[in-house]
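All remarks here apply to the structure that follows.
Letters are used for the chains, namely A, B, C, D and E, taken in the order the chains are written, and counting of residues starts over at 1 for each.
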Amino acid sequence: DKLTIATVNNGDMIRMQGMTEDFTKKTGHTVEWVTLEENVLRQRVTTDITTKGGAFDIMTIGMYETPIWGKNKWLVPLDDLSEGYNAADILPAMSGGLSYDGTLYAAPFYGESSMIMYRKDLMEKAGMEMPKSPSWSFIARAARKMTDRDADINGICLRGKAGWGEGGAFITAMSNSFGARWFDEKWNAQFDTREWSDTLNFYKNMMDDAGPKGFATNGFNENLSLFQQGKCGMWIDATVAASFVTNPKDSKVADKVGFALAPDNGMGRRSNWLWAWALAIPAGTQKEAAAKQFIEWATSTDYIELVAAKEGWANVPPGARTSLYENENYKKVPFAQMTLDSILSANPKASTVDPSPYVGVQFAAIPEFAGIATEVSQEFSAAYAGKQTIAEALAKAQTITNDAMEAAGYK
Amino acid sequence: MGRFVLDKVSKSFGDAQVIPPLDLTIEDGEFTVFVGPSGCGKSTLLRLIAGLEDVTSGTVNIDGKEMTDVPPAKRGLSMVFQSYALYPHMSVRKNIAFPLRMAKMDKAEIKKRVEDAASVLNLTDYLDRRPGQLSGGQRQRVAIGRAIVREPSAFLFDEPLSNLDAALRVGMRLEISEMHKRLATTMIYVTHDQVEAMTMADKIVVLQAGVIEQVGSPLELYRSPRNTFVAGFIGSPKMNLLKGAEAEKHGATTIGIRPEHISISHESGMWEGVVGVSEHLGSDSFFHVQCDAFEHPLTVRATGEVELNYGAKIFLTPDLAHLHKFDADGLRL
Amino acid sequence: MATQHSRSAACMMMAPAVVLLLGWMLVPLIMTLFFSFKKYLPLRGDSLSDGLEWVGFLNYERFISSGSFWPSVQTTLIIVLSVLIITVTLGVLLALLLDQPMWGQGVVRILVIAPFFVMPTVSALVWKNMFMDPINGILAHLWKFFGAEPVLWLSEASLPSIIIIVSWQWLPFATLILLTAIQSLDSEQLEASEIDGAPKLKRFWHIILPHLSRSITIVILIQTIFVLAVFAEIFVTTGGAFGTKTLTYLIFQRVLDSQNIGLGSAGGVYAIILANIVAIFLMRIVGKNLDA
Amino acid sequence: MARAVTNQRKAMNTFFAWALGLLIFFPILWTILTSFKTEAQAISDPPIFFFFDWTLENYKAVLERSDYAKFLWNSIFIAGGSTLLGIIIAVPAAWSMAFVPSKRTKDILLWMLSTKMLPAVGVLYPIYLICIELGVLDSRIALVFILMLINLPIIVWMLYTYFKEIPVDILEAARMDGASLRDEIIHVLTPMAIPGIASTVLLNVILAWNEAFWTLNLTAADAAPLTAFIASYSSPEGLFFAKLSAASTMAIAPILIMGWFSQKQLVRGLTFGAVK
Amino acid sequence: MGRFVLDKVSKSFGDAQVIPPLDLTIEDGEFTVFVGPSGCGKSTLLRLIAGLEDVTSGTVNIDGKEMTDVPPAKRGLSMVFQSYALYPHMSVRKNIAFPLRMAKMDKAEIKKRVEDAASVLNLTDYLDRRPGQLSGGQRQRVAIGRAIVREPSAFLFDEPLSNLDAALRVGMRLEISEMHKRLATTMIYVTHDQVEAMTMADKIVVLQAGVIEQVGSPLELYRSPRNTFVAGFIGSPKMNLLKGAEAEKHGATTIGIRPEHISISHESGMWEGVVGVSEHLGSDSFFHVQCDAFEHPLTVRATGEVELNYGAKIFLTPDLAHLHKFDADGLRL
């Protein structure tokens, strides 16, 4: 069969495309890739799944979509994967986030959390030492100290870009550590609470003092590039970035990077998120069997070894399987342990201090969230850029959210 | 063959009746010229005959067959347009061959006919040029070539020479006349040029506002115009049409006398007048003379170079044999 | 010309185009109208086959009462107007310049029209990453070179940035049409005005500009149609943040981000109404000009 | 060209025109240059203009990663096909409007244009559902059709304006010469309107080539054109300016080259009847 | 005022010398007509005078002032273009007012002048129309109106009547002549129309390939053309130019005799010939007669209606007083 696979254009996925020959050799099935930028991909597959278009046999989706789609029975359950696949090996945080009602609907290709990446040399210069699990107040202090505008060094680089998967994800994860939440148990928006205003004010004050110019439009890419060019003292972002910043080919600071858990505020929640890019099969495809074969191949330990053999252990897709972190070879990778610790410290089912009705760390796994969070994050970005005050942004966020929830029939 | 009978043909555009019901017969082999002022319906009449416009009422009969509803392509007529309407993207050869190709004639026959036509029209050397590379006169001949290859039952010409300069016009006029003599095919020719009408026509049809004012041979029209309109229209410079007491003396409301039928004298004559603007062409001289007897100045022709001073007093005498008399309705008496 | 034959032929020959376009317009339009009166949240399990709940004008009320609606209309109009003003003004000037004798005219023309061939996505990407990036962008380097603080284009000057990108794409089009128009000006008219004693600037004002008016209306009409629909430029650069959310973009968010088809469809109907208000206004002008 | 232009004037014109031309062209030039740099050089501070080690590495990387030829072929097929189909449908319609005008002609024309004002996102779902229903999702034919419909108003309008400039006499002459309506259109009208048709074709190929909404949303693997190709490069992890530039260059190069070669044609024809 | 002196003026376009160095003086108040075949440089010469083209060498002197490098706007001339060059987006009123507005005249004065000009030209009723809504003749008058409001030192006309139909031309010709009489301003007028040149000019300048062949009053040119070119160019139908033994009898290489200076006889005469095509205009008849003595047929005019059968044998006798003789170089003997 010929499988059509929609996928995001991340490095690990691109690498997988280069490996498909192996799959074809093993099974006889061929593969057509539809590689799209993340946002475009999300629209594209969502349109297709909601209309039952059937344009794809396998879709690359995230932790956000999986439970929602699974609930709607739009995905083929992956509860009958073969023995050799060893589904139990999948990190529980991952399989938990990719299941609905206990059934796995997507197999994680790679998983990530977020953590602090910092410049050991700069930290030393600032006369400070990074604890393994720092607090926000330490981070803010360190950031201000490391900042050296003349040398073009910013103490801290964080996402500020609009978009729920960009700045929205970061600020939500951060707000968790400040005790904030999106909704109370009756689905009322919570942007009028002190916790949210504390979060944003803390963020903005710190970024104004120690962040890069134009941080309001910085996303993952922008910060990565800043960090690689040596322009950031600290960066809190996806664990997968660790392999990029320690790769001497692209990074000027490869040998000076240290890692730490994402900060907390002493309230029992850290500000790290949990995410996985996973492969799922839309219900109704004609090629279910072949699709399952592909998923087993792509998310198997064999695949990890195949990549390791060809491209080295640092380049294998991380965060999906427990066995990877038990592998001696992989343990040598400097960020491996910290990645695992970060992943393990995130709990999608209880991400907020106060109880909340939703599942998800940096998102709420309800269909409305993406739309709401995108708009809310746009208001936040505008506040970061100084186009409105934080109070205005929060007030608007509150209205946007409540309106949308009402439109969706939650109230 | 080519005998046309128009029976009560009329044409309206929307509410405007451009041609009121009209009867006209054109005999086979005749060279008929339509003349009339601009907008009088000459082109419209021609296009009705061609089938390019629907008649509003009446019938068009060609060679005894009723053709009113037959589309132009099937009437077997050729038309030469004022703008020539050559196909700019085709060579002269292809232009001429086009009607034959449309008639699905075979290649060899087409080639022969095109070359014959080209040699008749002196176009042999230009067969592979595009119309854009030809002079006005040559284009004209291509248009005619395209018309004659088909051996149509009649040729229709809509002011074919009006785009040419004076010298070329004279030449083309002669060529078309000669062609008519040779082919003896019916030709219907629209023009507003006096000289063309007079020199080419067997029969002139004078139109005004869609109505036929007179039909006849050129000299018939010149000699005995049926009414003041025709009288004023045929002949150049135009006939002097005079009203008032002088006219009544001849028992008419209006009398007409052509410039060439008035003689000038310094001593005596019928009408006394004062010389106004003079125009000297060398071969002729025209004088505009203001007579006491008439409101408007008279135009008088003298052959050759004649000098008359501005404001000189002279006497004019009309040649009574060529005096035209019209009644109150403008009709010839 | 118009005989019975040709008239009936004309009807037949128009038919395919008219029928196709009618279908292309009506089918989606009716479906959009239909959806706009329904609650249609596919992610919550609503689907056409199960039947959709009728909600009356609720979607319409919601859409218009949302805080984003009027700002988005305003943004749309600002973008369209600014782009029109910029492209037409610069287009006229550029066309005048290109009409002058110079060396290498052909090459300059090639340079000037090139942006028209660039896909909107690509041009947005290039502008965003390689020009307007506050750190690595050429413009930032340029500003720094002159000792100025780099402008944070996409956040601080977000709307102007979008306008710059869109104008850059459409300037060639305006220039080309206006250039052909200038070249078609009867030179005797200019000579006549010169003999009549008009100096250069007045010749431009009294002769050239009026001559261009037809072309300008056409440029305005076509560009309005395309600029009203501008999407990729916003999607790629600001993603609708910083006050760059146009009506089209807002509908996009409702339909695709929020997956609220009913609400989005109601927005679509508003967009159609807005477009038609603009269109009627434009068609008046152009319609008049098409006759003349 | 009345009076002699001094060389000084000409030099001034040349200077300004070139300066402006280069300014306008610069983003494209910069993209092309960047595509030959290494990633490091691409973001070097200060920027490097010409003196870098030219490398084809980025192109190699892009070609390795995506099946460029497939995207290119789809773009050509869709842009060409929709334009061709559009012309075939538009020529008779434009003939009718230009040569058998009626009171409604102008209204029809303006109505056609107004169909272009439908916001595409608003009708994405309906169209998507229809495509599923017809089973033409991810097929080139469907895109050919849809892009044809999108551009049809522009095609009809442009052709109409060109046809109006053709003297009716010539068509009547053809009729007198015994040509049927078909002959008239095929042998006389179309060849005469070639310059106009050519520029209509060009403009529409450009518009279809650059159309990004439908081509992206209605395709998957089989029918995806270059707009989808570029969507896979637009924001990967990390800033790969050089690769992005290479991909961008590859996406726009074919149409840019076509546009340059035919710019005379395009310039001549782009009047939309604004010029008598 | 308006006296023009062109001193060794020449004009080249690139390598092509369109006008070799040429001297010409036009006196104040004179009506000068430039005639010559198409492409001979008439328009170019006019545009050099207007300043719309730079001279390649030589000087242009207006009213004693050297004006060679003065731009057209400052020469104080008015020009009427062949295509009228009206401003299509302005009303008739604005068109006429344009030169005055440019001269920053005050509103009231402009209004008065425009209305005066309009009433002279019979345009009062059309002042608020656009040029597109006017007939050819009316447009023509607007163009003239725009020229006369300014009281220029001279009027330049470039074939202003060539777009009009015959009837309108005659009328406009008279109007311009009268205007010249009234204003007594210098007028320079380009035409290729015989009749216009002959009837309007005080002085005709005949050009060929940029060279002045002859300058003189119309009748001077008609009576004593300086060479065969002028002889053939002036007069309609054109002079018969004959070579061969007959010419040598008169001691010339070429002799010329106009159609109107040949008399016809059935019995006897100087040259025997056969009648070819006849053209009857009513007022005159033209015969093309093939004589044994000459290669080409002669054109002969007879006043009035004269009938001669095709192929009839007749005798022609030239009026020796009007016989023109030219030497081998074509120059008048």
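The rule is short, and it goes like this: a residue touches a chain if its C-beta (ideal position, glycine included) is under 8 Å from a C-beta of that chain, and two chains touch if they have at least 3 such contacts.
By chain, with names taken from UniProt: B, E = Sugar ABC transporter ATP-binding protein; C, D = Sugar ABC transporter permease.
Just so it is clear, the model here is predicted, and its values are computed rather than measured.
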**OP:** Identify the chains in contact with subunit A as well as subunit D, in label order.
**Re:** C
Original post:
Which number of steps is the smallest that gets you from subunit C over to subunit E via touching chains?
Top reply: 1
**OP:** If you tally C-beta pairs in contact for every chain pair, which pair wins? Let me know.
**Re:** C-D
**OP:** Round to the nearest whole Å and give the separation of the Cα centres of subunit D and subunit E.
**Re:** 53
Original post:
For subunit C and subunit D, what's the span in angstrom between their mean Cα positions?
Top reply: 16
Subject >> Whole-Å gap separating subunit A and subunit E, where each centre is the average of the chain's CA atoms >> reply: 89
**OP:** Would you mind pulling out the distance in Å between where the CA atoms of subunit A average out and where those of subunit B do?
**Re:** 90
**OP:** Identify all positions of subunit B at which a residue touches two or more other chains, and write them in rising order.
**Re:** 52, 71
**OP:** Would you please write down the residue numbers of subunit C that are in contact with two or more other chains?
**Re:** 1-2, 136, 191, 256
Subject >> For subunit D, residues that touch 2 or more chains besides their own >> reply: 2, 43, 124-125, 129, 172, 231, 234, 239
**OP:** Spell out the part of subunit B that touches subunit C in their complex, as residue ranges.
**Re:** 51-54, 71
Original post:
Along subunit A, where are the residues that touch subunit D in the complex?
Top reply: 4, 6, 9-11, 14, 17-18, 32-38, 40, 43-44, 47-48, 51-56, 219-222, 224-225, 228-229, 240-241, 244, 250
Subject >> Parts of subunit D lying in touch with subunit B, wherever the complex brings them together >> reply: 167, 169-170, 172-180, 183, 187-188, 191-192, 194
Original post:
In the complex formed with subunit C, which residues of subunit A make contact?
Top reply: 39, 43, 46-47, 50-51, 68, 72, 161-163, 212-214, 216-217, 222, 225-226, 231, 367-368, 370-372, 374-375, 377-378, 381-382, 384-387, 396, 399-400, 403-404, 407-409
Subject >> Of all residues in subunit C, those that touch subunit E in their complex >> reply: 186, 188-189, 191-199, 202, 206-207, 210-211, 213, 292
